[in-house]
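What follows is chain A paired twice: with chain B in the first complex and chain C in the second.
Take a look at the complex of A and B:
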């Protein structure tokens, strides 16, 4: 167990392993997202109230759910950085912040597009989920800008780790405090077996597939950017030099 | 101040840090006066920009005061560790045998006494100028009394993280402001509730909970952040 853990911290080991896994992951991502998209856009029956606009929810729900994973992910990676000083954890955390900001943005964008049809408004302050997602977006941007402001890599790693842990707690507090307003956003629909409604079986299976696809996409992009980060930070390491020499 | 070889108690170290910071604050009055002036000026801009009508002002009064508090708190936070970082006394603080938790807490309290407390005291006057109903003055002062130390404690983390940076005014804002959202929400909700004759006790307890939470966790985090920044 501990050997495995120590190995995981080695950038070289991660780089080699990810080289093997990456093609499979990419194929899986394309397949799953492709299937889910085609299904959602072409075959999903329109909701009896929302019509075809309910289809965008497949993407929205999947991205929104995934974007909530970033702060916990960064907090765990941050703890690993602070406690075990594992370089790899910080490389992942660094890219997770920017990626998380993008996911939050896409959540807000798709939600707005859906809302413009279903609610008749692009933005609604009185809704708690919109506002807390907006502030999660801001908090993630804060982590990104702290990272870019600190020049020393080691210091930036620890500082961002700490900020991510605090931010993770804060996202929860913000979420609950924002809920004091009257909420327009419907609570997550319970899974229902009745077909033809926006929470019917076709719908939630498509959504579940899309969630899987988005998570796969998330891991692919995290792995790709982490590999970049590894090459950048370990550019003076022997194995990187040898690898580059071999490629020439 | 201290004789070599005698280790003072943590309590006296706490008091000494508090006294020292207060003394420095009174010698450098600009650091206190400017954020306070900023607070007053920002508030007096709102009636000019929005409307001098009493009814409109009553509606926005709580929010305006709270946002001005947030912004001025952020400006005043900037000086919390900067002077100590520049003259090296922060490193001595970190090397001290006492728990950094209490030293950081002492610095935060000293900072609040000179930056937060004046705002709390001046708030009824500004509330009067913004035509807040007089029944809400007490609630407003109470929310500020609980809220401003919370803001100082939370802000201290971000200041500690960025203490080594040259230009950090904006990054401080980007990090701290989203963190202050819960305080802002409960603070304004409490004042609005009391302005419309509703009980505001629930919001005040939530504010107290935030204060209790940040009082116990924020100095710990600030201490860790200082150790990261000064290394």
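Take a look at the complex of A and C:
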């Protein structure tokens, strides 16, 4: 098991494996997001109160849910960096921070647009769900700037790892904010398997597909940027030199 | 696992648990400040200091909406099914505003006990359904109510 763990941390191994898997992942991402988009635009029934405005929520819910995965992901990578000093973990964590900031931004933007129509406001400072999400956005920008502020790669990796672990607390707050306090934001919807009832399959299938699609997109983006990072940091390694020589 | 690694992992877990406890206690202490609004019952029980600017959250009582013919002025009553607070507002209401709908209003209570709102927001609940389903549920007499923005409320079906 430890041998497998050590192998997983090898940038070369990751680079070669991802070369094989990447095309399939890209095809799957395009297919799933495409299907979800068409479904949401053509077949999703209007909500009895909001009408077609509810279609924004397909994107909002999928991106918001996925954006909560970044801090746990970075915390796991950070723990591996701090304890086992695995190079690959830090490369993944570095790129996850910037990507997570984008996800948080899209969550805030789509939510704001929906809120302006349904609630009658773009933004409410008094709503704990909204503010804790904004906090996650700033925290992720903080991780990105912390890394670029420290020149020493090892020190930057350690500092960012710690901040990522601490940031996980905020994820719990975002998730439960709508249950612990009263807010303008609605709580998570229960999923009903019965067609023709509230929250029936006709409402959540498009969203479920979109969640899968967004997770696939996240994997593809993360793998692509990690591959770039590998080439940059390992540019003096023999296998990288050989590969580049072979491609010329 | 090597001892120095075990020690590092222990420190990380200790820091995380310690910080979580600190944040948890802080949020617990600030609970009332983080809540977005007071319920009509809390207002009736005098939990809001006199003359203070605050938010109130409740349902729009059925049949209570009265609009003035020649202005944007509107009067309605908000309720949590225990207490009621009359609200007066001048302005454009959000799309989802209707009777039986959860709303959050911001303003202050005037000397005659009417809540003078400077802003009215509509809440949407966690239930989504098509107009056909809503009609079918209403016909069966089990239609979901609009959301009651208060703790512990569960739609009745």
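The criterion applied here is as follows: the second predicted complex is superposed on the first by the 229 of 248 C-alpha atoms of A that agree within 3 Å, B and C clash if a C-alpha of one lies under 4 Å from a C-alpha of the other, contacts with A are read in each partner's own complex, and residues count from 1 in each chain.
As a working rule, contacts are C-beta pairs under 8 Å (C-beta built on N, C-alpha and C of every residue); 3 or more make two chains touch, one makes a residue touch a chain.
Not measured: the values here are computed from a predicted model.
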*Using the touch definition from the top, say if A:23 reaches chain B (first), chain C (second), both or neither.*
neither
*If you stack the two complexes on chain A, which partner ends up touching A:128: first (chain B), second (chain C), both, or neither?*
second
*Touching A:146, do we find chain B (first), chain C (second), both, or neither?*
first
*By residue count, is chain A touched more by chain B or by chain C?*
C
_Once chain A of both complexes is superposed, is A:84 in touch with chain B (first), chain C (second), both, or neither?_
second
*asked:* Is A:117 touching anything from chain B or chain C once the two structures are fitted on A? First, second, both or neither.
replied: second
*So which positions on chain A get touched by both chain B and chain C?*
162, 166, 173, 180
_Residue numbers on chain B that touch chain A, as the complex places them_ = 157-158, 161-162, 164-165, 168, 171, 174-175, 177-179, 181-182, 185-186, 189, 206, 210, 221, 224-225, 228-229, 231
*Residues of chain C touching chain A in their complex?*
5, 8-9, 12, 15-16, 19-20, 23, 27, 31, 34-37, 55, 57, 93-97, 101, 104, 119-134, 136-137, 144, 146-147, 149-151, 157
*Given the complex with chain C, which residues does chain A contribute to the contact?*
45-50, 54, 57, 79, 82-84, 117-121, 124, 126-128, 162, 165-166, 168-169, 172-173, 180-184, 186-190, 196-200, 202-203
*asked:* Could you list, by residue number, the parts of chain A that touch chain B in their complex?
replied: 135, 138-139, 141-142, 145-146, 149-150, 155, 158-159, 162-163, 166-167, 170, 173-174, 177-178, 180
